[in-house]
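Per-chain numbering from 1; labels A, B, C and D assigned in written order.
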Amino acid sequence: MVLLKRQIPLIIAFIAGIVMLVQYYIPLQESQDLLSEFTTWAMIIGAFALVIGLSSLLHMHIGKIRRLAPGWGYSLITVVALVTTAGVGIIAGMQRPDPDSAIYGSQAAQIQWMYINLMWPLGGTMFSILAFFIASAAYRAFRARTFEATVLLIAAMIVMLEVVPIKIFAAIGIPEINNWIFTCPNMAAQRGIMLGVALSVVATSLRIIFGIERTYLGGGD
Amino acid sequence: MRRLLIFLPVLLAAAIFITPLPAQAQNNPPLPAVTELEAQDTPNDSGSSILVTWKAWPNETSETEYIVLVSGAKDGQFFEAAVVPGGLSFKSDQPRYFGFAEKNKDYHYASVKLSKEEVKEPRKGIFQGKDGTEYFFKVRLRHGEQSSDSGLVSAISSENWFDKGKLNNFILMIIFGFVVMWFIQHAKKNPNLFIRKISGLDAVDEAIGRATEMGKPIFYVTGLLPMSELPTIASVNILGRAAKIVAEHDTLLKVPCYDPIVMSVAQEVVKDSYTKAGRPDAYREENVFYVTSDQFSYVAAVDGMMMREKPATNFLLGYFYAESLLLAEAGAAIGAIQIAGTDALAQLPFFVTTCDYTLIGEELYAASAYLSREPVLLGSLRGQDIGKAFLMAVLVIGTALTLAGIPFLKHLLTPF
Amino acid sequence: MEKYSTAIVVGIVVAVFIIVNVILLATGTIDVSEGNFWTGFGIIVGAGLTLAMYSFLYKDNPVFKFAEHLYIGISVGYFIVMTIYDTLMPNLFTPLFNPGPDKAPKLILIIPFALGILMFSRFTPKYAWLFRWSIAFIVGFGAGVAIPNIIKANILVQAQSSMVMVTDWWSTTCAIIALIGVITVLLYFFFSLEHSGAVGKISRVGVLFLMISFGASFAYTVMARISLLIGRINFLLKDWLHVID
Amino acid sequence: MEKSFWEKMQAIDRRIIFLFVAIGVIVPLVVELKLGVSVTNRVKNIYNKIESLPERSHILIAADFDPSAAPELYPMLESVLNHCFRKNHKVIVATLWPGGVGLIKKSLDEQSKEYDRVKEEDYAFLGFKTGGTAVVLSMGQDMKKTFPEVDNKPYIDIPVLKGVDKLADISYAVAISAGSPGIDNWVIYGSEKYGFEIGGGCTGVMATQYFPYLQAKQLNGLMGGLKGAAEYEMLVGRQETGSAVKRMDPQAVTHIIIIAFIILGNIAYFSTRKTNKS
């Protein structure tokens, strides 16, 4: 049983990892095809996992509705919206002329209406709330408390001045200073981070492939 | 008027002299044939193409054309396979195939495509070659009305088993792999490797303790990438360590998930931590739950939960996009202690400014080693440090050499 | 008491929203005539949801909660449709079960199909461990792909492009400053060295580079975020209320 | 009295800042200020490249964004399309994001009309294809295999796509993207791998992330955020018709408000710190 529960997953991870690693260096057509094949496989597995997610979500909301727990009405909204959207989409998708045509279920007219008039305003608005949050975060964070904080503050101020269309800022070369900040110190910092991250990723990946890192498999035997 | 008439012949003469009329071109010496013609299998590819190279005619202009002709037999019918206009397609454009030699600027190349399979119904007048067969090439130089053909060369295309253009990548992988593995083995024998202080991780205990004192929940977000991505794996590893401390403190831990697979793994990991802490009874599966796989509905839901349940502590570890600030600022508004960490360059500024502690880039990956002090992980970390020292040396030497006009290391590191 | 006053406020706000829309419809500002109904109706719904989301800025309230829960439901529903028709049908079911008259079924797809089905083992406590096989494939695959690609993008590209061939003194200075930045930031990430003494001082320079980078990126983002807000306000003022054009 | 004002300022209710931001956006939208923007070389490089290509060159536009990033990226798409159609280039549009399809169709219709460019003769939209990196890789190998049909018509029957068998046949590409998959995929798995020149357009938040690409010449130019879009609008002379330049006015005002708040916050911090010390 340990073989099935522990060893086989580690062997699968090892094979999948090594194959993808070696594939990168082999220019054969078969090797290129393998990359796209495995990518598709990962997508397919992910698609099945949605059932697990769905069960978790419905379990929570339907549980609330059954118990008439506080806020069960909101759970009802979620469930009804989910069933309606999925139902309309699935039915619309089934009506397409032939299974290979480019008109996907998600591009049916009804689903597009929902996307444009419900998803878009909701998502766009949530995204735009960042405008308010970034202002309040800037107000709290940009204080000259320490030397480091002052550097952060000054860099931020210079960059923000570029957007202010007052001639004096252009005259003293704010856009040029910005270019320099972004192409020199900013890039240096980002490169430093990227190099370090790359080594971490290589090390972590190797530990996974060789079965040293196995937290992701969970516990038990 | 008379003056104009006198000038007219002069102007005419000048006009003839300036515009290169075809009549004049005919008086030119005949065009030379192209020299140093070579044909070779395209290296580092999946077959199906042959590279033809030749020395550029020194007098070429944009009017000049090189026509690459191909045939299956020495004396067979030749087809047009490629046309290279003057001034384009130099060997120096393709260091992947020809390297960085200075003289590559004086040579043209053309790539002739072949097909994998035998062509069943060849279209008339068009060349359709097949992999693995010998083909003969010549280059016709054409300029104005004139043209001249070169001699013949031949080549066979084949598949390559190793991409030499990726040799630098391969060697680096082997070096880093070896160093990391060696230090992991080393650490098994010498388990007490030193690791510097990471203040964000020292605060984990305190942050969890605070939630316990206040009797409020802890939120843990693993980021928005799927399970196959490394930042998510790093985050799940930290979740395992944090959950153990949480279980010991008997505090409520909530993990709202963006991806069903990540949720499944997180459930297993948290359950395992509770078991290890001796509190398997305290684990509730519904506290590690799926929300949605859409960025902004996810963030709306998590922000809403934060406002209602007012967690004392937020962990935001993994890879984030724009939602980083939406989560962190909502957390700041309710006064939660926030420990964030990501290798998403674009989101680091927001975590650094709004969270109490931020794990920057590599620190996210170092966290599980730091929290667990497992020799294997510490050894791996030591290997990464050696890798960094190596990269620092390469960068310093490479930059110095390149600035001095010797781009040797730069070329060596160029990826293809 | 507070609950009561919230209800009143919500009631008033909703009432105002309804009245505004009635006026818009009555004056013909929003066209819901035959053929345009879904467009006009869509604008009203969009405006309502936009305002509901913004109400979160004041505080958590029933209107926001309604929008939030609706949003989750729709997004998951949409995701289900996408998964079925954009992932499963073209990549699994069609090539495996319905490949077309002259094509053979792609039998190799049985492997991911099986690994997908194994995910369901999580519903049975006894066989829940089977899902590890699928996870192992996904994680192993990700790890294998990551190594060479990150070596290329994060190490080779970055290293070779920091080695710049320049001759003028300004670019040379920049290249050297950038090099100092990269080296000091890398030193900051050293885990086997205590940040004290010379190492501490040098890594502090690295921290300054990080701070400049963070400050600059933060400030640069302000613009992007305000753009988004402008977009939404534009929708409210133009498409819904028609007060600007 | 004053001391308590600064103390209050220190812990100001976030909602007051929110209110000021809202006013800073709404007022300039209602009252036009016409403040304009300055053009940077980053954006000019893309413009110059499209300008310098001979007529009828193939230009690929990868529009990888969805409605949530449209305020920034849609004007870029509009201006670049407008520029291409004006120069009579052949335009091919692709997207890796399902949410972008409607927007792309809309802008293609609008911009092509202005210069009487014809669908399939002068431009083609390849449609959405799921898979991110895999799609780019496959396009690099064989585009008619990736997109056997475009708008229910075989790839090979569409005139504007003649001569474009794979990504390397493109004269220039512009990747306008709001995240992943996006510029990274087109650069690393597209232009780097198959060899063609590419410029980028991205949301403001991502722009700094791509400066290393700029310096490494992996991107020849970059439009960052609304300002980048506004700059391109200025370059192609669409200040009046486009939306980006106009939207820069509220930008300027809001930035001034935020800068003012930061200054006030620092004054408050220092004045309260002094009193605390004494």
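As a working rule, a residue touches a chain if its C-beta (ideal position, glycine included) is under 8 Å from a C-beta of that chain, and two chains touch if they have at least 3 such contacts.
Just so we're clear, the structure is a prediction, and the values are computed from it rather than from any experiment.
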What chain is the most remote from chain C, judged by the mean position of CA atoms in each chain? B
For the chain pairs B-D and A-B, which is connected through the larger number of C-beta pairs in contact? A-B
I'd like the Å distance between the centres of chain B and chain C, where a centre is the mean of that chain's Cα atoms. 21
Chain C to chain D: how many Å between their CA centres? 17
Which parts of chain B, given as residue numbers and ranges, touch two or more other chains? 166, 169-170, 173, 176, 226-228, 230, 233, 261, 264-265, 291-297, 300, 322, 345-346, 348, 350, 352-353, 360-362, 366, 381, 384, 388, 391, 415
Flagged in chain D as touching 2+ other chains are 14, 18, 21-22, 25, 68-70, 98, 130, 205, 208-209, 212, 215, 227, 251, 254-255, 258
Can you list every residue of chain C that touches 2 or more other chains, as numbers and ranges? 53, 56-57, 65, 67-68, 71-72, 74-76, 78-79, 82, 86-87, 119, 122, 134-135, 138-139, 141-143, 145-149, 151-153, 155, 157-160, 162, 164, 179, 182-183, 186, 189, 210, 213-218, 220-223, 225-226, 228-229, 231
Within the complex, chain B is touched by chain C residues 53, 56, 59-60, 64-65, 67-68, 71-72, 74-76, 78-79, 119, 122, 131, 134-135, 138-139, 141-143, 145-148, 151-152, 155-157, 159-160, 162-166, 172, 175-176, 179, 182-183, 186-187, 189-195, 210, 213-215, 217-218, 221
Report the residues of chain C in contact with chain A in the complex, numbered from low to high. 38, 41-43, 45-47, 49-50, 53-54, 56-57, 65-89, 91-92, 94, 98, 100, 108-109, 111-113, 115-117, 119-120, 122-123, 129, 132-151, 153-155, 158-159, 162, 174, 177-186, 188-189, 206-223, 225-226, 228-229, 231-232, 235
Tell me, which parts of chain D touch chain C in their complex? 15, 18, 21-22, 25-26, 29-30, 68-72, 98, 130, 184, 188, 203-205, 207-208, 212, 215-218, 224-227, 247, 250-251, 254-255, 258
Flag every residue of chain A that touches chain D in the complex, lowest number first. 32, 35-36, 39-40, 43, 101-102, 106-107, 112, 115-116, 120, 123-124, 127, 131-132, 135-136, 138-140, 142-145, 153, 156-157, 160-165, 170, 175, 179, 182-183, 186-187, 190-191, 194
Residues on chain A engaged by chain B in the complex (per definition of touch): 21, 24-29, 31-32, 42, 45-46, 49-54, 56-57, 59-60, 119, 122-123, 126-127, 129-130, 133-134, 136-138, 140-142, 152, 190, 193-197, 199-208, 210, 212-213, 215-220
